[in-house]
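In the two assemblies presented below, chain A is common to both, partnered first by chain B and then by chain C.
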Partner chain A sequence: MDQSLEPGDQGLNGVAATAGVARSARVGHRGRVTSRLRLWQLALPATLFLSVYFFAPLLMLFWWSVRAPEGRGLTLGNFGTLLSDPFFFQTLGLSLRLSFEVTAVTLFLGFPLAYLYTKVGSSLRLVILFVTLLPLLTSAVVRSFGWIVLLGKQGLVNQGLMSLGLTDSPVRLLFSLDGVRVALAQVQLPFMLLPLINALEQLDPSLEPAAVSLGASRFQAVLRVTLPLAMPGMIAGAILNFALTISAFITPAMVGGGSFIVMPTLVYQSAIITLQWPRAATTALILLVVAMAVVWTGAAVTRRWQYGPRQGGANA
Partner chain B sequence: MSGVTRRAVLIGGAAGTAALVAGRAWGQQKELIANTYGGGWEQGHRQAIAEPIEKKTGAKVILISMLANELVARVKAAGGSRPPVDVALVDDGPFLTAIKEEVFLKLPMDKLPNAAKLYPQYKPKEPYGIPIGASVIGIAYNAKKLKTVPAAWEDLWKPEYKGKVGLCTPASTLGTVALLSFAKAKGGGETKIEPGFEAVKSLLPSVGSIASSPAALQTLLERGEVDIAPMWHSNTLLLKGKGTGMEFVFPKEGGIAGLAWLAVTKAGNLDLALAYLNQGLSPESQTLLATPPFFFGPTVQGIKVESQLRGVVPAAPEDLARLIQIDWTKINPARPEWINRWNREIKV
Partner chain C sequence: MPERSFEDHGARVRARLGDAGFWIAIWGISAIALVYLLLPTLIIVGASVTSTDFIAFPPEGLSLRWFTKLWSLESVRLAAARSLGVALAATAIAVVLGVAAAFPLVRGRFAGREVLNTLLMSPLVLPSLVYGLAALIFVSALGLQLSIGVLVLSHVAIIVPYVIRTTAASLALLDPQLEDAARSLGANVWRTFLHVVLPNLLPGIVTGAAFAFISSFDNLTVSLFLAGPRVETLPIRLFSMIEFDLDPSVAAISTVLVLITLAVVIVAHRAVGLTRIVRL
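So, the complex of A and B:
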């Protein structure tokens, strides 16, 4: 079930990966034609693989999205039907909101943790990595079952709240957006943490002491020196988290139940339950375009952040 | 170096891709792939059908886990190429869809001698598959926690069940049938679903959770998140066996039978596939599938079930008489709209 829907996010990552490879080949070896050719050949297996397993299915997605729901012929009617439907936009809006919120939560949790990681010894580093990566080692179904046990009316969280006297009756956590946010943030934390650690470790360790020696408090030093310099890592993590959340299918279905639906659920219903493939393809394509627009905006902001201010400074 | 590397890289890439594509092409001579829905289904079909067939024919039977809707979608997606299974297990709605999509073979019924003993009610209208087991949708309730025993669908609205009722979305067969049952109880039916939606909306204040699949609903009942719900008899009896206090009742209006069908795809291996189907209808297989922990209602006549299961597992003509028939040929075309409407209108 997840395999049939996950290609969406792998696809986004795939595009990012291909773009990255192409860019580094261009930038790193400008002017050396022969070595550039050889580097290009290194990308050949991946290109071949992506052509078969990503670009060909993507073409089929385009093809299905313009096919008439009944009978033969080509049409843009599928897009018209969906784009004139307020419920479709409501679902798209919910998916976008959920993705931004989960990204914000992982950023909020991830930055302090990544910062801590760079300041502690190697054994504690291992513990942080192990604990954050652990959820990735279990299947989404098992993990979701765990959340049912934890978040349910009779679950550990509610029992704890009630025995502490914080609430009289169980709080509704399971089958709510809150539950889905928590569950998604947990499993996706590593995708925020790892780029952040990568970004923080590249910083010159003498920057913070320098800021402190010039009169900043330690907090100010982190806030005004480290945090801005870690921005590329934050945006990389945010892009990953956004792409993963907007295409997440199992967690919203298991932890969210049937009380609200997100875009991947709509795609699943049309593709698998009702066999309305043109509708499924159109829904998936619109989701893909919206997600890519957000990701590209994020990438553009990163480039701006990395090169823009510096160039501006040089000119001034 | 570059020459060797280039060749190695190219060969490696091509071989990897080819291996992924070819995958199961080897050794298809004496091999049969069938799907089940996993869990008790897989265990039951392995013991009752796959193992006897392996013994008799020397062939290898591979059981994979795939739900009916997904299976039909995948067989359809395979188009002219080899579908993912030789024998498909599907329930009523997807079975009819698959026939319409022309993905199953018309069966030579004379090569299925055991099919002669099928209950007349269960006989296929067109020979595209054989029913392997009957399940009933009724009311599951936790006898340890609820004082009043429910007797009819309308009892779900009773104030004492407030907050304890569970439902399943119509994206599943269970949810579709429950919605239709509510509609029928309120004067609607397959072509008039409006009363069903009105009923669900008036039930919402009592609903604790809406699950997206029967498996999820089973978890909710087991965890005590909800205590009463429309449910399959087999899931309910499985929970009862775990000591949860779960009991199953046929609602006063009648339970609804869902049949699980075995059908053959256009994957070749017809003889082996027919042997598999015929084995499934044999008295020994049907008897085994009707016992705990499987509880599948026999589809052929003359199968006896244990006394404590009588009246719960449909196994006798009088049990069948207590079932109400629903028309999937009318449900299937309307179902996308039901799902669509549920997405929009039903929120807890």
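So, the complex of A and C:
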């Protein structure tokens, strides 16, 4: 019966009944806005919309990658062509390497800042959050443009390098892989910080002092206690970063110019410039599969980390 | 005995020094990370107030002439108006769809709720490049022309999860018995929704709408695929100006975009507080 009441409803229902309200039986659980309709029906508009305008296009993408050029059959020819192309593998390799490097840099810069966040007062916390969220929400076009200005021949980075005497003539940073590494790591850093802050905040704050009082230095305490406990958050941040970096299109296109090609550039070129949609669809799917593989591997590692080594190390 | 306490003292000093080194490293790397995060934004704002005809940082001479010039650039004005219209329409649709969907996700007791949650959140995980291409292929397979309407709907698809997520977070904090109380005191369903439920959800809805708006307004990747040649949004205009006619007006547009983003962050902070946003 959908009129069955939760225990907590009876008190209010009783009030209504003693007041002699005829419909009192219907007030209560069913009287809530949220339960007048069958609850799941409220999700129907959004679900239908996404089915038509999100999931159907994805199926269509898949269909375009496997359908035969003119006949009606299916083919794996598109995958075969791409996967036997050395240039494609080179591009995939570059994308993977770039994403690993960017993820490593964001982890190195992100952990100390997220750690500091948990140790400072509320006003400094607010500053850290503000500095994290502002770039996160700023358009990637705008941020990449900032890096174009920074990395140019007369840019601040080259001015700094020359005034420090590290180089005599301007270094080529703009339209190079190094420049893209620097810019991408900045664009991705907020996505590392948020999961890290979240993970570190949930740790018991008395664990580190306990380790210190037992004779560990602060560094040892962080390395042996905090870091392992925060590992799931670090892996979550790393996965998110990796998946976002490998599919990032704007920053490599703007800061890299045409100097090198990554997977997203390849997708864009075949889709918009050479108009080879089956090829574009296939490239996009391979990109998606690679990103998903990393996500799933990361999720599996997290589960092992949480449940494996401590409890089931022997039978794992 | 005295010898040992001397050793203890030495160990303590070494530990202190080691700790000092640790904190110097933490503060040092954190400072670098904070400057690194802010640098591109500061450069853009700085470069936009230059009086020179080229982009210079540090700016040479202070002037707002590049901001006043923006008004005379018709292509920029049109693109900005179009982006604003697209973002407002997409946000409005996303709020209606997202707020409704948040209820079953939080209060529902039906099989498949987790699956539904994953489905509705999946636009957050899919690379927008992949979605842009998929939507382009889909729209042309249906025989539709690329238009503003198509663009708005594609933006809705990628921003609706923000609204669902923030609304659901607010709803999870709302005691369902408040609604029972309102009903038993004679309020009808709509009065209850307007006066009890909605005011409590408003912070979450506002934050979600603000994030949805800025994501749509700033979107380039999906728009590049779906805007077509006649529908130029502000990010597309900016993208091609940076490539083809770069001057300080690009920095001025970027500064305006940064200010809009700043407004979004402040709205979110006022509505639910930045510390809570992190946990979403």
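Just so it is clear, the second predicted complex is superposed on the first by the 252 of 316 C-alpha atoms of A that agree within 3 Å, B and C clash if a C-alpha of one lies under 4 Å from a C-alpha of the other, contacts with A are read in each partner's own complex, and residues count from 1 in each chain.
Criterion: a contact is a pair of C-beta atoms (placed from the backbone, for glycine too) under 8 Å apart; a residue touches a chain by one contact, two chains touch by 3 or more.
What you see is a predicted model, and the numbers here were worked out from it, not measured in a lab.
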Partner chain(s) touched by A:Val131 [first = chain B, second = chain C, both, neither]: second
Per-residue touch tally on chain A - higher for chain B or for chain C: C
Which of chain B and chain C A:Val149 touches, first, second, both or neither: both
Chain B versus chain C as contact partner of A:Phe175, first or second or both or neither: first
Partner chain in contact with A:Met254 - chain B first, chain C second, else both or neither: both
Partner chain(s) touched by A:Leu42 [first = chain B, second = chain C, both, neither]: both
First (chain B), second (chain C), both or neither touched by A:Phe87: first
Partner chain(s) touched by A:Ile272 [first = chain B, second = chain C, both, neither]: both
Where chain A meets both chain C and chain B, residue numbers: 41-42, 45, 49, 145, 148-149, 154-155, 254, 271-272
Chain C contact footprint on chain A (complex, rising order): 8-9, 12-13, 15-16, 27-29, 31-36, 39-43, 45-47, 49-50, 53-58, 60-61, 64, 108-110, 112-113, 115-116, 122, 125-135, 137-143, 145-150, 154-156, 183, 186, 189-190, 194, 197-198, 217-219, 222, 243-244, 247, 249-250, 254, 264, 267-268, 271-272, 277, 280-281, 284-285, 287-288, 291, 295
Residues of chain C touching chain A in the complex: 15, 18-19, 21-23, 25-27, 29-30, 32-34, 36-41, 43-44, 47, 55-57, 96-98, 100-101, 103-105, 107-110, 116, 119-120, 122-123, 125-131, 133-139, 141, 153-154, 156-157, 160, 164, 176-177, 179-181, 183-184, 189-190, 192-193, 197, 211, 214, 218, 220-221, 224-225, 235, 238-239, 242, 250-251, 254, 257-258, 261-262, 264-265, 268, 274-275, 277-279
Residues of chain A touching chain B in the complex: 1, 4, 38, 41-42, 44-45, 48-49, 52, 87, 91, 145, 148-149, 152-155, 174-175, 253-254, 256-261, 266, 269, 271-276
Chain B - residues contacting chain A, complex: 2, 6, 9-10, 12-14, 16-17, 67, 69-70, 72-73, 76, 97, 101, 167-169, 171, 175, 208-213, 216, 219-220, 223-225, 335-336, 339, 343-344, 347-348
